[in-house]
């Protein structure tokens, strides 16, 4: 594993999962491993869970952390060959190479534009960092996928599942703002490497990119999808086909107690932050079957497994 | 002590004071105590002393620190039951619970609105954090009180007092902007647990909330209040009665050498930052009797005593 | 050495260089030295290299780091005797003295106005910090000089030189924005303490202050200056004489392969960030003779030498 920017970077996903479980059992077990090593984190966007859990993961491994918002530094140019006479003072070629002199691992968060689909789906900024950095790059959520979240979600399902092959449902839900497809794309990618009974449900027009959903069951009837489900993974996303657009605010898709009653006493999951009474009703997220807080806790152990693997590379 | 958000959270204030004195004598005495523990700090407002001294206190105890401005993360909703379709992406119920997964103690700074008195005097945001966090909350200055400052002030008076029962005067002073009552409220609360000869002086209309000042001597004549004083604690605040309003800019209330000459060679104190030649004349703050810098230094040891007590809980 | 704000603060520049080389050989050699000591960093301006490398340097020495942007804290007043009724809440007298209570060394970055030359050339803000702080001040780039960069540059030339007395050329180059003279001023100051064959080249009107360039060879013909050069140090600066103005955007001054062909296979240096195809053509900065990344790496070791020397003071 040279980087961690999608499931495709991972040689041994099951090994990574087992390592995350080991980190959870004893968070300070490997706390000499990162001595004298530094994690750099660069945020193009807001972050609470990722910022805190990844920083904590690094500390648990004995690393130092240098965390920056893009505004602390220089606006970067990502295109090659341009005459740099705009507002961009530093080229990614220098930026990434220089940060690689100070840090042993670099984390980058960069959300999609939701206007330029091709660029977004090339995970443009994170790809450029991979290209020009001289150390491993960790995606702290890119414009296409959010693998730290998905590894966490897998870890969480393994923790809570009561049958060998649970039914896991990824359900679209309404939201007042246009959101990226990164979390659902990534969740699909990781679910495909499990043998779970995995179903996606969403209104028509909200189909994710086929490159992600190929071979995955899609059920447009949410009620039908929920039947017998062991896990409901709720998430809003904007349209991929009509790129970045909100096509529906239909409250019938909100995850309610009535909807959850259709399931096999399913656990409720969400990556957070979540809009209450839009994506999910209070009655569901506050219920005993809601595991969103434990899910967030698991972010630390997923990040530890990733950092440890990259440190040992 | 489960939290530290006002003097009322403290089981044994005198014990806490003694511990702060012990921390000052040997700042690294307890530097193994916080090993593997994390302090999270969330700032809704500017901070210099609190940010630096609390971070330093945590380091002296061997803790890790994750420090965030609110702008680094998501705008939070604090009201229950609302449909979250505004600009607030995360509910305090998740926000506080999630941060509790990563941090062993959470510090929060949140100033008052100075427009909604009832809400401000419920210490709204810090109270919500207390309600929904699963770890101890430390007020880094709330909308009603600033207990880390007041414990510091008590520590400082104990350090400099030359008589067993000094006369301590809290004096209002003019300032060009409307400021919170948090520092004076808190100072009053903590002075009331001492047996000092404590007096408050301010122009009419600047009465603090009776819930704080009940039983405390108020003297509207500043000159008379200063007579025989051993400590002058200067502070501006906006009106509590005509909430958040500036009622006076009277320069006669500025702390000058002439005013200080009325005292028993009193020490001059202020929580800082202070507007020179508005709140206090250069001649006073630059004099040998000014102990504002030592007072600021003591912030570290007050914070250490608080963090240590909460860690051992 | 009481501070590190220009070459004039350094008692033994050659000793400092040797120490930086020693730090590079073994970055963790002195990692017990700073135990329990704290570096505070205050940024008035953007920073990537300085922020990361100085933080890393402190960690390598075992120090803790508290890093702040000015916006995290209070707007500071630097003038004495004023009535503080503007937007400035804290006076440097308290600000610097208070930070000195929490930190063992303070770093400050503050760029020039480029409008008030006298004030800029007094290195106003950093000088005020030196005056009122009670601990050593490190310039993280002031309004006149950038000594951490220059010590790095010297270290880099020593690393790459192949003759005892290399020819080093500081060349002005075009840039779309008005930039400070701090880097070139500082580079000149440090080159003057070496016995290198040192030449400055720039268009007429771009003369640096005589206090810096006195005794240094200036060659207005860039081609002639480049002849036989072993190092080309490129940098844009705005005019000192017509203060802060851009007098030329002449692309003939851009560092191109054709220009580099005039040299003795010179190494290309720049402090970064650099505008590609304005200051330097891609063909040069991407060539084997470009040492800008190694130069950036050396920032860490220059900072380590400075911090170690100040810690041992």
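Per-chain residue numbering starts at 1, and chain names A, B and C are given in the order in which the chains are listed.
Keep in mind that, in the parts below, contacts are C-beta pairs under 8 Å (C-beta built on N, C-alpha and C of every residue); 3 or more make two chains touch, one makes a residue touch a chain.
Treat the numbers as computed from the prediction; the structure is a model and nothing was measured.
The rotation relating subunit A to subunit B, fitted on Cα atoms, comes to 120°, given as a multiple of 5. Both subunit B and subunit C derive from one sequence, and where they touch, under half of the residue numbers involved are common to the two copies. For the pair subunit B and subunit C, the distance between C-alpha centroids works out to 39 Å. Contacts with at least two other chains are made by no residue of subunit C. Taken together, the subunit A residues at the contact with subunit B in this complex read 27-28, 31, 43, 46-49, 51-53, 55-56, 59-60, 69, 176, 272-278, 282, 285-286, 292-293, 296-297, 300. Considering their complex, residues 36, 38, 40, 64, 66, 68, 71-74, 77, 80-85, 89-91, 93-95, 97-99, 101-103 of subunit C touch subunit B.
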